[in-house]
Structure formats: structure tokens, C-alpha cells
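Paired with subunit B in one complex and with subunit C in the other, subunit A is shared by the two complexes that follow.
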Partner chain A sequence: MPSASDPSSTTTIRRPTVTVARAGRVVLLVVLVAAVVSFPSLAPNPYILSAGILVLNYALLSTSWNFVGGFTGYISLGHGALAGLGAYGTGLLVTRAGLPSFLALGVAALVVAALAVPIGYAALRVRGASFVIVSIALVLVLLLVFQSWASFTGGSRGLTVPRPFPDLLRPEHHRVFWFLFAGLLALALLVWWLIDRSRFGLGLKAIREDEDKAESLGIPTFAYKLVVFVVSAGFTAAAGGLYALWFGDLDPVFQFSILTGSYLVLMALLGGVRTLFGPLLGALVVGTALEYFKVEYGGTPLHLVATGLLLALVVLFMPDGVLPAVAAMLDRFRPAQQSIREVTAAELREQRESGVRAETELAATRPGTPSTRERA
Partner chain B sequence: MTSGALIFQSVVLGLLLGGLYALLASGLTLYFGIMRVVMIAHSAFLILAAYLAWWSHTRFGVDPLLSLVVTVPLFFAAGVLLQRGLLSRLRPATLTMMSVLLTFAIAVIIEGLLGYAFTGTQRRIQLGYGTANLELFGARIAVVKLIAFGLAAAALLTLYLLLKRTTFGWALRATIQHPDAARLVGIDTNRVAGHGFGIGLATAAVGGTALALDTTIYPSLHWHWIGPLMAIIVVGGLGSVPGAAAAAMVLGLTQSLLQIPLNTTWAQTVFYLALLATLAFRPQGFFGGRLAQRF
Partner chain C sequence: MTDQALRTEGLTKAFGGVVALDGAGVAFRHGQVNALIGPNGSGKTTFFNCVTGMIRADSGRTVYRGRDITRATPHAVAHAGIGRTFQLCRVFPRMSALDNVLAAVRPGGVLGRLRGARGRAEVDRARGWLTRLGIEHLVDVEARNMSWGQQKLLELAGVLMSDPETVLLDEPAGGVNPALLDRIGGLVRELNAEGRTFVIVEHNMDLVMSISDHIVVFDRGRPIAEGPPSVIRSDERVLGAYLGV
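Moving on, here comes the complex of A and B:
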């Protein structure tokens, strides 16, 4: 095709990169799924598998956190408490009410989601600062309540949750829960992806970028924030409940820990809050590091220092996360990526028109091309 | 049996505690006013100051009050550095959220380093006058609590005079009210903001020393303080120093009175109940001004 010269050449340059990127994404997704499916058989011993489940649990919690943190930019340090509520809710429903394990998990997640409505109502009516304060207060007050109300919650002695599959041996038990966690994570990722592509998601992102402008455009900001907070709380509580069924032993100090909440934030920020797989990647890095630190250095308070330093570094130097930083680096090597400032508005209009023409196969009849004129 | 003397004693203790809360909350309010920053690390610095007071007492045998000579200038410098070196480097668009994370990180680092240096063991200063009591209309008030209150009151008074009577105070209040206008009339708002943070952190030094006099301290104690303090600044109306002081007195008193029928832990939940109720029904707080409307 000799006549389809320059205008279509701009599209032919762009198209392969798009398809390459898409193919790369599909390959990555397949690799990820394959890795998740094969990990239980590859894990050399049950300890590694259980450590893997912990990391998966973090990935799930962090992805759930990212419904609020990623879309709206409201940073919650209290999601550890929502997970703790889900865990205790599941445990208490099983032990006190005698519900079957997984029904208890579902009910607990719904109850926590319902509880998130009044909490969100108080936290989200005003802007940012109050939300953070409420999220921290939530952890502190729940810790107080669950430690003090010993007759109901077991207090500081903890709460033992019976296993859902009493017949399974420990390695088998781990294997089953690995796939349960992976399934819930896949569901959370799917919902995040769907919201990301929806009108609702656009509204949420507008809130993140500029809440005043979003509001003036007619987005019901308060309702949007509340809905996404409730969704996030539901997923977080379900993750906590699943953890309770898997681990079988709950201690208020660990369930209502502000540190857990900060781990989730660190993971999501490190991976990149605006990307689907960012929190998952962050959980892989931070979760593995946490497990390693626990094995190597045990209970010294140095893990606090390490967490704090890492968090401070991420906030100061990489607030958008690793994934966007890598993407920006890759962009430099991509061909035909012009900064918009190098093109005038008139040239841009011509390019767009010629692009449309190329799409409708009209370009073949027009030899006079913008890019040749550009060159002249 | 709740006798009148017991209630009177609780009222006095509540007021004394409220004074300490008021001093600490004033620091938090300053940060929020200057930069819209919720400074999570404030109470960690409080515990750090308490540890320094304890350490100077056990190591050198000096009175813990003397440690103020070192900690107040030190904390002032740390505050200036914190604002100039770290917080002012954050992007303005996401400042409120990111500053929370940054100060949270600092709080965790301080807690970890304290645990590393002094272990997690509970510490307490043994003073000659530590067990002395004062009889007042049938109520027994520990002398150290009175000293702590005196310290807090003196620091608050100094802060008040500084803000109202000095040129620096005017500049600081102008910076809080309208940074652009303050710059137009020739105020170096960056410098003033840094010094404001220094003063805020200096209140933590005074508060920490007062706290060390009659409290058992341990590295993770700061979480027990940051919750009530944040509740106080929200109830008082974010950014309002008198509001924070009033809320501190009212809530400190309520907590102290609730300790009669309930135990200590349940009594502390009053702060969180007040926080939720305030945000749900009067989000701008009870004494808040223009600033609080939007946060």
C-alpha cells in the first residue's frame, strides 16, 4: 500500500506498542495465576506455605484497603481494626452462636460492612484530617473494648476459633486455605478493576484529585466515599474472618494493632495505589520482608524502626509507588512518545483528524500529510 | 459508696489531668493551624521527653525538672528541623494525608528506638517527694500532680503570652490565618512556620517531663495519649487553641469522674465517644472557627 504513507504510519507506530503492552499484561496475568496455583505444590515445607498464606492475607487486606486509599486518596490507618472485627465476629459467631464456619464468615463481613456505615458517616462528612483521626481512634477504642470485655471476647487471653475442617492434616489445611485466600483476593481484584473502569470509579478518582471540583461537577462525593468505604470494610472483614478460621487463635493486641494498619498502607503505597496489582506487589515485598525479619531478629523493637524508616522513605521519595515509577522509566524507551508541549494545538488537531481518516480508510485518498508538512 | 470527698477528689484530679491534656493538645493545634498537619508523633515525643527525664534522673541523679533545660531547646530544634526538612518537602496537594504517614513513621521509629535503648520494661521515677500528699478539704492530692499541673499551666501561659503579646506571635497567628496575606505584609512564613513547629514540640518536652513525675512509662505508651489528644482537638474544633484547652478540661474531668463507677479502661472510651459524636453531629467542633469548617 504505497499511498497509505505518513498519517497511518503514526498509528502503525502506536499500535504495536499497545498490543505489546496488552500481550505483556496477559502474559503477566497468566504467570501470576500459574504461580498462585502451583505455589502449594512447590513450597518445600508447611512453614513456607503458611508464610505464603500470611503474605497472601496481607495482599488481600492491602487490596481491600486500596478501595478507599487508591480511589479516593483518603488514607486509613484503621483497616487493621476492621480486619480484627471481621476475625472476632467470625470467631464469636462460631463459638457463641454455633454458626457453621463459612456462614459465620459471611455474616461477620456483612455486619462489619453495616458497622462501617455509621463509622464512615462520622469520618467522611468532613475532609481528610478527620478521617485519619477516626481511623486511628477506631483501632485504639476497639483494642480497649476487646481487652476489657473479657467475659464476651476472651479478653487478653485470646479467643480460640475451631477449625472448619477438623479432619484435615496441617499441610492439607494450609493448602485449602491458600486457595481460599487466593479466591477472595481474585474477587477483590476483580471488583477493584470493575470499579476502576466504571463511572462510579471516575467519580471517586475525581474526589481524589480535587474534591471541590468533583463536588461542583455534581458528583455526590459523600455518598460515593461512603459506599466505597463500606465495600472496602466488607472485604477487609472477610479477609480477617478467613484469617481467624485459618489461624484459629485471636489475640486483641494483634488483631487491633495500628501497626497492622500501617503495614497495609506501606504495602499499597510501595506498590502503587493507583494500580490494580500495586498492593499485591507491595505485599509480596513487605510481607516477605516482615516474615524474614521475624525469623532473623525475632521480637526486637528494631522491626518498628525498619517499618518506620521504609514508610518515611516511600512517603518522601516515592509516594506514587514502585509500579508507576517503573512504568515511567519504561516510557522513556518507548518510541513515538512525544511530550504534548512539543506539539502545537493546530498540529495536534491535524494529527487527530488524520488519525480519524486513517481509521475510516480515507487516508488512502489524501496524499498531503501533516507529518510531511511538519517536516518541511 | 461515692462520698462527696471522693467526687471532690476526682474533680480536682480531673482538672489537674485536664491541664496536662490542654498543654499537649495546644501543640497539636499549633501544627494543625500552621500546616493542616495531624502530628501523630506528638505523643511519641512526649514519651521521649519522659524517658529523657527518667534517664537523667537515674543516671545523674538530678531532679527530673532540670532535664527541661536540655529537652526544651532540643525539642524546639527538632521541631524546626522536622518542619523545614521533612514536612515542607511533601506535595501540597496530598499534604494532610502524607504528613500523617510521615509523622506516624517518626512515631514508630521513636517507639522502636526507645524499646531498643531502654527495653520494654516499665520505668518510674522514684522521687523524695513522690509520695507526699496534700490534704485539701478531705481530698488527697499528690504533690507531683500539682507540680505537673503547675508546669503545664506555666507553659500554657507562656504560650498564650507569646502568641498574643510578641511580634513573633502576631506573625505566627497571621501565618495561621492567611499565609498569602502574611507573606504580602512581609512575614517570612516559612521561617515562622518552622518556629511554630518548634514551639509545638517544645510543649511536648514540658508535658513529657510533667508526665514522668507521676506515671509509669514504657515505649508504646504514646498510643494511649495520641487517641485522647486527637479526640480533644476535634471536639475543640481543629485549629483552635482555646477550644482545645476547654475540651481538654471538660474531657479530662469527665474521664476522671467516670473512673468512679467504671474502671480506668472503660473510662477512657469517653474520648472516642466524644470524638464520634462530635464528628457525626457537629463536625466543626464546639469551639472551632473558620478553619475547622473544611476539615
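Moving on, here comes the complex of A and C:
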């Protein structure tokens, strides 16, 4: 039977690089936290701070999307609708039911997570392109509902959500919400990381690689997909609800938009869907670019052209995203892969030479040999 | 009854007008190396797919160790104790060999699933299987970067990690070199001696005849003969349908 009494050479050789990588990650994390904490004080004006919140919102949405997209490989374009449901749910619970703002947000996120069970039950039965189309249908159906049901949702005129902190001035308001968004993002990242290293996460990744094979190995694939879809929907809805409380004004056309869903996919793909911080990095790049283009060329659809081009470039040249591409580049500077027991001709020669050298040195210290050397 | 591992009754499956399984009733023996042979298109792989729940039979029944698994989902069949490999070897291409094998671990309960995937005991067991199959040096290599033969061994390591009582192998010798063939044949016998039942679909007659205890011959979606290698080798219907003499 299998035994692993001999600790294999690979682990012992690998350890130093792993420690270096871990240290690098810790440093990166500290820098990231420092940047998040100091940004509100560094932002030169409230507009920049509010643009920062938008980017953070995108990062949160994209990370939430990545629970499904990254782990299982199911590409949903419908996550904009889940955020919209969270936003409207929060808004309606505040305005119609009179719940306190943040209680409303929590309840809305739970309700959307519960709704995600039947939605996922229907949508996750189909794979690939069919799943993408079902997810688009979700957006279109909800847009029609929220536009037409004017007596309840406010229809096309939208819904005004009262601010949770009416006494705060605008810059202070932004500042508080910056940290609320950052906190929720940290929570989403933590949960993603925990799943990533768990057996559950390994099962999800197996589904991404080959669903039938995963099933035949005993992984209950449908239940796994459904659970992670519900987690994803809960975070997405919470992000939508937080947006509603911050922005205070909901328009169904923007809340239930395929474009929003597409942005999330682009951001995650750009950064790298298999990595924890990929969607965050993607949101930083794409979100900032979107804001810039809207400010500079507001009236034109130029921002759409730019994002389309970016998507094409990413898919063509960095199909795994920026982070994996960078990691692969750094890998080249590392000593060659030790996991494959292959030695180059040069290494062989060196080994042999050092062996010979060791032998002659040994011979030099051996008693009796000096005489032979002297004779020579 | 007790010496039966896997039994089917009247298993039928048609794809459009093509009848792949035509009322197949087969019994494989527990604790033995069983082989399922037959010409291409005789329904062997469809049989595997129906038995493991990957496709649903139109009619008929599948019983494993006295338990009806006709309508069980593939993961439930796996949990019942049946592991399988695929004709066109299937591994998780963008996962390391270690993760490929670890994916077969069956966590218990919600808490078990939330635990780290690389627990010491599991990693040791996974490495053990990789070592036994001779691919331990590839532990950190992604499956897509391996050769065909290495992938076949990796697939087998994953299936064995899930500790199946019965292993269905779909053409284990397909596309592998003679040395590897010997290794796979020897491994099957070894694992059988350790108590695992095998059902092997294979075209390589030398391998089938040398490792099987019991052979079932399929033709046109149903068994036409069964028995030990010595009997099958001289059965006239088999010679006519399969060996073409």
C-alpha cells in the first residue's frame, strides 16, 4: 500500500521559493491595505473619492462574480441583475417597509441569496454558451419587470433611496462609504481565499476542468455549483445594496444592464479569474479607464470602444489574465523547475567535475597518497 | 448472489435509430478481474456509461452488490464504490498531478468540505498512489503538460485515490507502449490481489487473456458468450463475431 515515509526531494527543494513567494504576498497585502486606508485622506477632492468608490464597487462585484466564474468556469453575464435586485431590494425595504438602512441591506442580500436557489437550479443545468444566454435572459426579464411594475418599483422614473447618514456632509459621506465598500470587499476576498484552499474549492475547480470527470470521481457537481452560485449572489446583492445606500438613486436601465455584467467579466478576465486578486486588479484598470473616458468623452460611446478593444487584446495575448502572465514572466527568472527530474548537459558536466574535484581533494588528505604525489 | 459485483438486467439504450444496448443482461464477479470484449460499436462503452449513470438507459436495471443503482447519479454510483476511467483518458488539464489525485478525496459533511484540500494525511496518500504508479516525480506538473501514457497513469491514480471497491477501466491499453502495458497489467493483478474487483473493456487480446478471470463477449449490444479465457478463446460465436475467422 502507498506510503510516504520518504519525504520526496521536491518538497525540500521547493521550500525556499515558497517562503519567498509567501513573504512577497504578505508585503503586497500590507501595501494594499495601506493604500485602501490612506486613499480617502490622499484624494484631492470629493469627486476623486467618489470615483474611487465606483472602482471599489466594481472590484467587489467582480470578486463576487469570480466565485462562479473563477471556480466553476461558468461565465455569467447576469450578475448585473443580481446586483440590481440587491439594490432595489434594499431601497424598497427602506422606503416601503421602513427598515433601518443596513438591516435592509442584510435582509435584501439574504433574500437574493435565497432567490438564487431557484435561479441557479434552472440556469446551472445548462453549460457553456447556453448558460451565458440564460444569464442574459435573467437580466432582460428583470429589467422589464422593474420598468413596468411602476406602482411598486417606481418604474422608469427610478427609485430614490434615503441616505443612511442624513447628517453627514458629502465628503464625509463618501469617506464612510469608502470604508464600508472596502470592508465588504475584504470579506469577499477572505471567503474566496478560504474556498480556494478548501476541498470544496478543489471540487469546484475540478468542475471547471471537466465536469463529467469530476462527477464520476464522486463530486456532487450540481450541489457544488448551486452552493457557490448562492454565495456569489449573496455578495453581489450586498454590493448592489451598498451602492443603493451610497448613491441614493436607482435607475432600472443601469441596475439591470447586460453592460454591467460584461464589465465584471472583462475585469475578472483581465486580472485573471484563477487568482484571488485578479478581479480587483482588473477593476482597478477597467474601472479607472471607464471613469476617465466618461469624464473626457462623456457624450460619446468611446468608452465602449475602448473596453471592447481591451477585451480583444486580453483574450488574444493574455488568456489567463494579467496576474498569471506576470507570474509566468517572473518564473523565468527563477532557477529552473525542480519538479521534473531533468538535468541539462551543463549541469551534468558540472556534477561530474565537482565529483572529480571532491575525489582528488579527498585523495589529497588520504594517508599514504602524499608519497605518490611527491613521487609525481 | 454474493459473488456478483455488478449485474444488469435487460439494459437497453438507443441513440436515435441506433440500438447501442439491446437488452443486455450481464453479471460480473466480485473479487475477480472481469473483461468485457467485443467489436467496435458493440456497446461496451455505452454499457459503462449506463452503469455509471453518465447516460440514462431507456429500460432495464443495474444492480451493484444487491443495491439498485439504475437511476443513481454518477457521483452516487461513485459513492456506491464504483470508480471508472474513460476511453479517451480524462484528467483535469490545468491542475497539478497532486491536485488531480486530491480531487478524488471524499470529504464528509459541510465542515469536512471546508477543510483545507492539502491535509497532511491526504497528501501522503496521494503521493503514495503517484509513487505506486511511477509518476511521483510529476507531482507538481500540470496534467496538460504530461504525455499520454503519464496522463493515463494519473487518471488511474485519481480513481484509486477515491478507493473504489470495483474499478471499470475503459481501454487501459489504448495508445500505450508495451512496457507501460506490462506495468498496467501487473498493477491490475496486484490491486485485484488486494481485494479490488475489475471490469475491463479492452481490445488487446494478449492483455485480456493474460489478466482476466472471467470474460464477457458483446456483440450488437448484448452478450453472446462468457466464461474463462480458455473457453472464450475457442468459442465459435466469438471467433465469428469478433476475431473474424
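We adopt the following convention: the second predicted complex is superposed on the first by the 321 of 376 C-alpha atoms of A that agree within 3 Å, B and C clash if a C-alpha of one lies under 4 Å from a C-alpha of the other, contacts with A are read in each partner's own complex, and residues count from 1 in each chain.
One rule holds for everything that comes next: contacts are C-beta pairs under 8 Å (C-beta built on N, C-alpha and C of every residue); 3 or more make two chains touch, one makes a residue touch a chain.
Small disclaimer: the values here were computed from a predicted structure and weren't measured.
Of the two partner chains placed around the shared chain by superposition, subunit B is the only one that A:H303 touches, whereas subunit C remains out of contact. Of the two partner chains, neither subunit B nor subunit C is touched by A:P162. Which of subunit B and subunit C touches more residues of subunit A: that partner is B. In the superposed model, A:I258 lies in contact with subunit B only, and not with subunit C. In the superposition on chain A, contact of A:S216 is made with subunit C only, not with subunit B. When both complexes are overlaid on chain A, the residue A:V141 reaches subunit B alone and has no touch with subunit C.
In the superposition on chain A, contact of A:L194 is made with subunit C only, not with subunit B. Within the complex, the subunit C residues that touch subunit A are 52, 54, 73-75, 78-79, 83-84, 86, 90-95, 99, 102-107, 112-118, 123-125, 127-129, 131-132, 136-141, 158-159, 162, 194.
On subunit A, the positions that touch subunit C within their shared complex are 1-4, 8, 10, 14, 194, 197-203, 205-206, 209-210, 212-221, 339-341. Within the complex, the subunit B residues that touch subunit A are 32, 36, 38, 40, 86, 89-91, 94, 96-98, 100-102, 104-109, 111-116, 120, 219, 223-224, 226-227, 230-231, 234, 238, 263, 265-266, 268-269, 271-272, 275-276, 279-280, 283-284, 294-295.
By the touch rule above, subunit A contacts subunit B in their complex via residues 73-75, 77, 118-119, 121-123, 125-130, 132-134, 136-137, 140-141, 144-145, 147-148, 258-259, 262, 265, 269, 300-309, 311-312, 315-316, 319.
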